[in-house]
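One chain, subunit A, appears in both complexes that follow, with subunit B as partner in the first and subunit C in the second.
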Partner chain A sequence: MFMNSNLFEPGKSKPERNFVQLAVKQNQRFDGRRSNECRDVELAFGEDWGTVAVSLGDTKVLTHVSCDLGAPTTSRPNEGKLQLNVNLGGVAFLDEVQTTHEQRSLTLNSLLERTFRSSRCVDLESLCVAAEQHVWCIRVDINVLNHDGNLYDASTIATLAALMHFRRPDVTFADDELRIYTEKEREFIPLLFLHYPVSVTYCIYKSSNQPIVDPTLLEENAADSVIVLSFNSYQELCTLNAGGTAPTNVRTIMQCARNAANRAKALVDFIRKALSLDEERRLQGSRLIQGLAALIGETPYKLSFSKLMGQQKLELQASLNDKIEVDNKSISKPEVEEIQAMVEPSKPETDTAMDTSSWLPPDEDSQELPMPAEASTSKAGKGKPNHSKSKANKKKLAKRQNHSDSEEEAKQVI
Partner chain B sequence: MTSTSTIVMPGDRIAAIEELAKSKRVILGPGLRRQDETVVASKAGPLRHKEPSTFWVDNYQRRYIPARGDLVLGIVRSKAGDLYRVDIGAADTASISYLAFESATKKNRPDLNPGDLIYARVLNASADIEPELVCVNSVGKRGKLGLLAEGFFFKCSLNLGRMLLRENCPVLAALTRELPYEIAIGVNGRIWLKAHSLRETIALANAIVALEQAGYTEIDKICDNLGDFLQA
Partner chain C sequence: MNLPGKMDVEKDKLRQMHCEFNPLSRCDGSVMYSQGATVVIAAVLGPIEVKTQNLSIDGSYLECNYRPKAGLPQVKERIREAAIRDVLELALLAEAHPRSKMSVQVQELEDRGSVDACAVNSACLAMLIGGLPLKCSFAAVHCIINEQGEYLLDPDQSETLHQRASFTFAFDSVEGNLLLVQTKGAFKIAQFNDIECLCRAASAEIFQFYRSQIAKYHGRSEAIADQKEEPSSMET
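On to the complex of A and B.
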């Protein structure tokens, strides 16, 4: 095991591993975060459409979206193409051992493929210009600039933000002639989305049953297993990537899923807000656009999650409340029942239609890992109607698991 | 040691040293190179001077270049015959013999496994052969060298390691005023730490990492309020 691992990375030596295990057991993290606390997410938009840099602490990812016209595949003649390319070459200290390097970039690529392609988040049919002849091919280049853990989240956030930021030129097809309009002739068109997926990563250790969110490289390398969950803004599961050697029970995964769903929703809202701010800036005039110069230094043009969402601590529950206030939605309380009601109408819009709040356990408290017995008593305490509902929940839960085994989001051993 | 910081770039001719070399012997440290009668910098960074006549360039670097006599922290990578392969952060792995430990014999071998952390001295280092380490001094005693079992270990720049190791460095003294701890610093930019509790160890590690970007002059100021880092 140590023969194949790169010892120049943190978290690969025995003292580091043992210490991290011990620290997790005592609920301590090196940067003073709590186990359910994420690092601040910062977005910087480039001058071009579809260029986004994301930083998650010291993890930095630069994503660029480009498009050109091409021929569609014969199996899907009326759909555009979405291509994702991961490039880990920017991180010098990772490439000592070829196998781990390739494995890392393959894992990341497959996660992105499943999150964005298999879940069909971009409406590819809208990218068709002329069936069987011309479609738009969207290419996303994900460049990892620095790796300090949790590349998965950084890349999914960067990819989603870049795709949402991207605009393609308008095109007409008449008399067997393609005409591409410049930005001056016709305004560029943003991509159409069916849903907005974002991933959240958890690390699980043998020494503790409390998973930690948003690991640093040290924590990630020392972890026994890493779980990556992709949720969209409707809190539907898009990808589940669980691997490693730590014994994980359903409870833990469900707890992760519940928190991840909220976190994903907050993140998508954050990206939307950042995009609208960027658009305002662009309308005001191009000299205000700093481009990627914002990456260097503490310029106010860097859009940070904690600032934009109006909070210092990235507590999930707090972010949920906050977001509701800002969005002026009719929800006044962060009750699950209410959210469920909100989610229900959106159900017909999406083809997958998985209502997470029905299969996610309803207890909001994420600090403790409740034992099954405790959870059932707390549910029972709520009264009869809830009790019957919790049964239904469990049924759905079981059903959901069968579903996940058979579907595309099969578990993958990292 | 002077705190004047002349920044030199690779290729710069340093006339001051040449002048001094006419009257007495001058020792050129890392980053400086003699070309016939001229002294030329080969690395970028502030030029340092230690009385009476030692000069070197204190450039920012994370890759270690082994040098004889250096104290380094290494991670055991594998066993190979009667050698251990040890990663010391250099371009090549170093080797250490089974017999280079205190009271080790052919029968009584040290119990080291891949992933273990050892504190060792570089016995010989040359550009063309792999560096060799020892865990004993010249009289066969281990001293402070050998396996570091518990505690936390992290990597930093070579500068930080060097700075902490320099004579009467204020950082360690300032930390000692706050809490008791054990520390092993390798010039290869690796630091091992152990305090009474896990919390204290984390705080110490963060306090030391916070010094990463500080220069020699800032260090003295920062040390006055190192206690603040420990609180965080």
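On to the complex of A and C.
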């Protein structure tokens, strides 16, 4: 009598798949975006510390961070704990077949675990109160409100923003007695970060070698493979998740990675800017704090990526020598081919570009895959003169080592 | 935490209500509803396929879930969920769709007092906007007696810390019958009656809010909605 709602999910049927494949072939997208254009990101901070709602187009995620004192694990007695919980049920999937549901939440959970826990982005040692006895356990609850593709990016942005927004109470431990201070007694303390990772998702189709960024649910379901890359603001690779059936060459992945690194940097800058605005509002007085009520209707309390970063762009045009400007430019460029044309000449001028150039040599060095290496020689050739020009200090070299590690990882996956 | 609180609102008035219809794309009806700083989001889906164990030949099966902002639902949330389900079961026209399921999900976004009432109201709005059959619409109001023995309608969380008693009433729109009574704490019967009257008066304001918001959503002017004298069952 009633159709199973799983069939209602866009992109699952054959005609839809064919449609998307054809559209991608013609370099067009259903919502009129270009292949490397992302949807606008909106942030809204709650009244409590560590409550953030993120919307990425129609994809909406609510993240809440809470903390609790607990005992550490025996293997790491002087480190706090970071726990990530993904809630896919609820308002996002009212009637979902259990198996796809499980799979989705597992993938998302593992991606978040790798991005935030395995990459050790939060300084867990600072969360230790008394070794082997009391540590802070940070719990992140990720509630998916609506799924319209690219849950990965929405949840990593939400998680990072929530963790950065979160403040924990101060605590002292003396004479076997824990004393937790209220906000009135002592100011709350923000978490310490070692780096700030954010993911960027690409979809790859068999019909075209052009990857598309920030897929909608239709595009994501119809995709042959989905690549999720997590980069931190220093443009270091934290997680790479590549799956699916589309044959992908190294060149495409490198191209994705380069754009993703820029995008991640811009996103982290955006989150920082949004946080500082929220801070300002809090300092100005309680009346201005809207909390999540700001989500309703059109209010100036929503902090959108295009608005904030657009502003920043204007500010930067006064002082043209900043790198973020370049990042923004490269993101807003229409065609990826054009980006390469645009970015590569500008490489010698910016040190961010120098970072990216340092990824290329491993292509040549590692002889594991002769075919893709051949494909990328043209690029590597372009990258090399840059590299020789760069002031390759020790730090850079160390970084390069890191990159080549992750590079090899990437290759195994391919 | 410094709160906006209810400073600018009188003690016998509701906090300001706001709502946004269909913020979510993958359900039949959804609403983001706020009362003061308390924000909830409700979504409905139905009528849909039902599991055989829940199948009923003389009415639809109602599934109702309430999700807290952090962690898994505990006893407190289960009680809230049961309250929403009780009210919905009374108001839902279950006979309209036998052998099917109606699914209602409520997600808490921010709890700043009287979240029980907000959850019930958001569920009602979601049912209305999702076009699910209802016998009548309903509205819930929360009220407390504070330390000084004053009645405080729709209090903010900061005001509920020292309360003598708290009440949640739900009324239907057609006959004004009581659909839900939840009380906590010590109070006199006279006080109970007073608060019931206070809440009943406030529920009229909420019904008016429903009407104006739905009229606005369907592109009708508020004047037309005001003209409607009797509170209709408002099936959209």
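Assorted remarks:
The rule is simple: the second predicted complex is superposed on the first by the 302 of 414 C-alpha atoms of A that agree within 3 Å, B and C clash if a C-alpha of one lies under 4 Å from a C-alpha of the other, contacts with A are read in each partner's own complex, and residues count from 1 in each chain.
One rule holds in what follows: a residue touches a chain if its C-beta (ideal position, glycine included) is under 8 Å from a C-beta of that chain, and two chains touch if they have at least 3 such contacts.
Model, not experiment: these values are computed from the prediction.
By the touch criterion stated above, A:Thr51 is placed in contact with subunit C alone, subunit B being left untouched.
By the touch criterion defined above, A:Glu16 lies against subunit B but remains apart from subunit C after alignment on the C-alpha atoms of chain A.
With both structures placed on the common chain, the touch criterion links A:Asn259 to neither subunit B nor subunit C.
Touch criterion met: A:Ser66 reaches subunit C, while subunit B stays clear of it. When the two complexes are overlaid, the chain among subunit B and subunit C that reaches more residues of subunit A is C.
In the superposition on chain A, contact of A:Gln28 is made with subunit B only, not with subunit C. Of the two partner chains placed by the overlay, only subunit C lies in contact with A:Asn146; subunit B stays clear of it. In the superposition on chain A, A:Thr239 contacts neither subunit B nor subunit C. On subunit A, the surface touched by subunit B in one complex and the surface touched by subunit C in the other have residues 1-3, 8 in common. Residues 75, 77-78, 87, 89, 113-117, 148-155, 192, 198-199, 201-202, 205-206, 232 of subunit B are the ones touching subunit A in the complex. Taken in their complex, subunit A has these residues touching subunit B: 1-3, 7-8, 10, 12-19, 22-23, 26, 28, 30-32, 218. Listing the residues of subunit A that touch subunit C in their complex gives 1-5, 8, 46-48, 51, 53, 58, 60, 62, 64, 66, 85, 87, 89-95, 139, 141, 143, 145-148, 183, 285-287, 289, 291-293, 295-297. Residues of subunit C touching subunit A in their complex: 1-5, 18-20, 23-27, 30, 32, 34, 36-37, 39, 41-45, 47-49, 65, 67, 69-71, 99-101, 103, 105-107, 109-110, 112.
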